[in-house]
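Presented sequentially are two complexes of chain A, the first with chain B as partner and the second with chain C.
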Partner chain A sequence: MNFYILLFSLLLAVNDVTAQPKVFTKTGTISFKSKTALENIEAVNNKVLSVWDMASGTIEFSLLIKGFEFDRALMQEHFNENYMESDKYPKAVFKGVVENSKNVLLTSNNNYNLKVSGALTMHGVTKQINLPVTIKIKNGEANAMASFSIIPQDYNIKIPGLVADKINKKIDVLINVPAYKILATK
Partner chain B sequence: MKKVLLLILLSTAVHFTYAQDTSLLKDIEETLPVSEKVTGAFKSTRVINAHSVEMLSKRNLDFRILHRFGFVSDGIKQLFGLDAASMRMSFDYGITDNFTVGIGRSTFRKELDAFVKTRLLQQTKGTKEIPLSIVIAAGYTVHTEEYFDGKKPTVADRSAYYIQLVAGRKFNSKFSMQLSPIFVHTNVPFVITDDRKIFAMGGGARYKVSKRTALTLDYHHPFGELADNYTDPLSIGVDIETGGHVFQLHFSNATGMNERAYITQTTGNFFKGDMRLGFNLSRMFKVGKKRA
Partner chain C sequence: MQAVSTPINHNMISIKKLIVAAVIIIVAIAGLYFYKEYNRKVADLSNAKVEETINAADLVTAFENDEAGATKKFAGKTVLVMGNVAEIINQQDTMLNIFLGDKSAISKVSCLMDMRKKEGFKNIVSGTQISIKGICTGFLADVEMNRCVIVNDNKF
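Coming up: the complex of A and B.
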C-alpha cells in the first residue's frame, strides 16, 4: 500500500513540476486597418476567445466576424454582407503552436519574443501563417501581442474594381490579449 | 502483476486527459451566449416608398434624393415621362440605434413632412430566438400649395398625419418580407369627397440577386372611399449598392413620396403602362466623433 501512495504522489509531483497551466481569455482584441489616400477603414473585435496550453504550446483563437465594430455602420454591414459573408462563414479560427512555449514561466516577470505558426481559417479558406509574438509576464498574467498582414484575395475575399482604390492590398492585423487567465476547468 | 496493471491503468488515465483536447476552445465557447441580431433585412430604411424594418445606426445621417418621372405611357413626345420630374429631398438621422427622425420636402403639392421611427422588436437568432423585427413610424405632413379659389387654408387644413407599423422578417440571406399596415388622416383631402381617414395594408419584399444588388417590391392597398382615379401604389425596383450609396431604381405608379401622398393620391394603372421611372439615392454620413 505504501508503494502505491509513493507512486501516486510521485506521479502527482512530476505532473506539478512539468505541467504548465492552460490559460485562456474571452476578451482578447483583434483589430485591422486599411489605409489608402481615399479612405481609412478600421475595425475592432474585443470579444476574441483564445486558449493556450503552455505545456504543449498549442494555441487557438476564435472570433465572430460579426463582432468587428466599425465606426461607420454602413461599412460594418458591407463588411459582413459583401466581403466576409458572415452568415455563411460566421467565425475566423486560428490553430497553431507557440515555439518554446515551455520556457515561458508565469512565476516571474519577464518578456519573451517567440514565434507562432499555424493555420488561419476564415471565409472558408485555410492558410498557413507564421508570426512573431511578444509575451510579457507581469504578476502571474501573460499579455500577448502580435501583428501580421493578410491579403484579402488569399482568403477568396473579392474586392470589386469600383472600390479597389479604397481598400489597401494588404490589411494590417493587430492582436492583443491583455491578460491570459488560468483555465480553472479541465 | 497487480502493481503493473495499476501502473498501466494510471498512465493511460493520464494520457487520456491529454488526448481528449482536440479543440482547446470547446469548453469556453460553450459558456458564451450565442444569440445574435439578424441584420440587413433591407438595404435601406425604405423599401421603395414605404418605411422598411431597417433603422439608421446612431449618429448616421441619411441624405436622400428621390425622383419620380412622368408616366412611361405618355409616350415619345414626353420622352416616356422623362420630361416631367417630381422630387423629394430628405434628411434622416439616427439619434440612437433604435430611434430615427427625419424631415423632407416634396415638389408634389410643395409638401413638407417629418417623422419619428422606433424599433420595438429586433429579429435575433440563436439561443434566444425572435422571429421578426417590428418598427413603428409616425409622421406629419403639411402642404404649402397655393389655393386659387381665394380662400386661404389654415395650417390645420393643410395638415395630415400617419402612423405605420412595420413587421418584417429576413427569411434567409437573400429573401426578406414585411407587412406594413398604415393609418393616414388627412384634415382636408385634395378631393373633398375622399375619406379623411384611410387605412391601408401594405407589403414589401426584397430578393438579393447578388451581393450588391437586390430586387424590391412595395405595394399598398388603401381601404376606404377615394376618388375613382386613385389607385393602389405599386413599385418594383432594384437596389444597387456602391460603397457609401444605395441607389434604388424602380418603376412605380406613385408620384408622391411621402406617406400621405402615395397612399391617398396615387393615380394610374401600373399594368397599363402608367408607371414612372424613379430613383432614390441614399448617401450615408457619419456625424460626430468616432465611437469610443
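Coming up: the complex of A and C.
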C-alpha cells in the first residue's frame, strides 16, 4: 500500500515538473530613452511586477510611475508632475497574451522568439500594442527581454512647444525580466 | 545752459551703467541658478526630512484597506518605516531589495536601497528590526519604496 502511495506521489511530482507553471517577478526592469541632438533623457524602473501564466499565455506587467528614476532631479519632477501626472495616474499596466507560450519549457535551456499582444494602459489611455519578446531559459529560470517604442501623443501626454525639440517623438522602451520565479504549478 | 546740462548727462550715464551692470548680474545669477537646477541630482535621503513615520505592517494595511487614499497620503513622500527584515534580495550587488514586514504576509514593504549608501547595508540580516527611510512610490504586490537608506538611531 505504502509503495502505491509513494509511486502515486512520485508520478504527481513528475507531472508537476513538466506542467506549465505560473511565474512572476517583483524586480523586473523597464527603462526608456529619448535621444535628440539637444538632449538625452533616460530613466529606469527596477520594481516592475509581472505575472505570466505559461499554460494559458496570459501575461501582466504593472509599474508605478513614481518608481522611474532619472539621473537629473528636475527631469524626474517634470516627468511626474507635468507629463505623466503621476498623482492622478499612478500606474502603468500591460495585460496581454504570449503567443505559443505553451511551447516554452523551463526544463531545458533554450531561446524562444515569441510575440506578445495586449493592452497598455497609462496616463488614463489604453492602447493595443504588439511586440516581439525573447525568452531565454537557463537552469530552470526564464529571462524575458522586449523592446518597443511609444508615441507620447498616443497616450494624451502633452509636451509643450518650448521643450518639443528636446524630447523625441518616439520613446524607446526596454523591458528586461532577469528571472521569473515559479509562483504556482497548475 | 551748457553748465547745467553737463551734470545731468553725467548722472544719466552713471544710471545707465548701473542698470546695465544690474541686468548683467541678474542674468548671471539666473543663468547659474538654471544651470545648477538643470544639473541637480536626485537627492540622497540621508538628511531628508521625514514626512510620515509608520510601522511596516500598518503601512501595508493602509494600502490594502484603501489604496487610493494611502497613495494620496504616502506616495511621493519621504517615509520612515520600521519593521522586521523578512527577506533580502541582492541582485549581483547592483540592486538590493529589503522586504520589511511579516515573513508569512503576502504583501510587505519592498525597499529598493540607494546603492550610493551601500556601506550601511552590509550588516543587515533577516529577522532583525530595522528602520528604513525612503520615497514611497505606491502599491503593487507590496508597498514600494525607492532610494532607501538605513536609519540607525531608531528614533521612532
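Here is the rule we go by: the second predicted complex is superposed on the first by the 164 of 186 C-alpha atoms of A that agree within 3 Å, B and C clash if a C-alpha of one lies under 4 Å from a C-alpha of the other, contacts with A are read in each partner's own complex, and residues count from 1 in each chain.
Just so we're on the same page, a residue touches a chain if its C-beta (ideal position, glycine included) is under 8 Å from a C-beta of that chain, and two chains touch if they have at least 3 such contacts.
Just so it is clear, the structure is predicted and the values come from calculations on it, not from any experiment.
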Partners on chain A (chain B, chain C) - clash or fit: clash
First, second, both or neither for A:Asn46, with chain B first and chain C second: second
Partner chain(s) touched by A:His78 [first = chain B, second = chain C, both, neither]: first
Touching partner for A:Lys66 - first (chain B), second (chain C), both, neither: both
Chain B versus chain C as contact partner of A:Leu162, first or second or both or neither: first
Which of chain B and chain C A:Thr27 touches, first, second, both or neither: second
First (chain B), second (chain C), both or neither touched by A:Asp87: both
Partner chain in contact with A:Ile171 - chain B first, chain C second, else both or neither: neither
Which of chain B and chain C A:Leu131 touches, first, second, both or neither: neither
Chain C region in steric overlap with chain B, selected from 5-13, 41-49, 95-103 or 113-121: 41-49
Doubly contacted residues of chain A, that is, touched by chain B and again by chain C: 26, 49, 62, 64, 66, 69, 71-74, 80, 87
Touching residues (chain side chain A, partner chain B) in the complex: 3-4, 7-8, 11, 15, 22, 24, 26, 49-53, 58-60, 62, 64, 66, 69, 71-74, 77-78, 80-82, 85, 87-88, 160, 162-163, 166, 183, 185-186
Chain A-touching residues of chain B, taken from the complex the two chains share: 3, 6-7, 10, 14, 17, 21, 23-25, 27-29, 32, 36, 39-40, 56-58, 60, 173, 211-212, 241-244, 284, 286, 290-291
List of chain C residues in touch with chain A within their complex: 37-43, 71-72, 75-76, 89, 91, 95, 97, 110, 112, 135, 137-142, 144, 146-147
In the complex with chain C, residue positions of chain A that touch it: 26-27, 46-47, 49, 62-64, 66-67, 69-74, 76, 80, 86-87, 90-91, 178
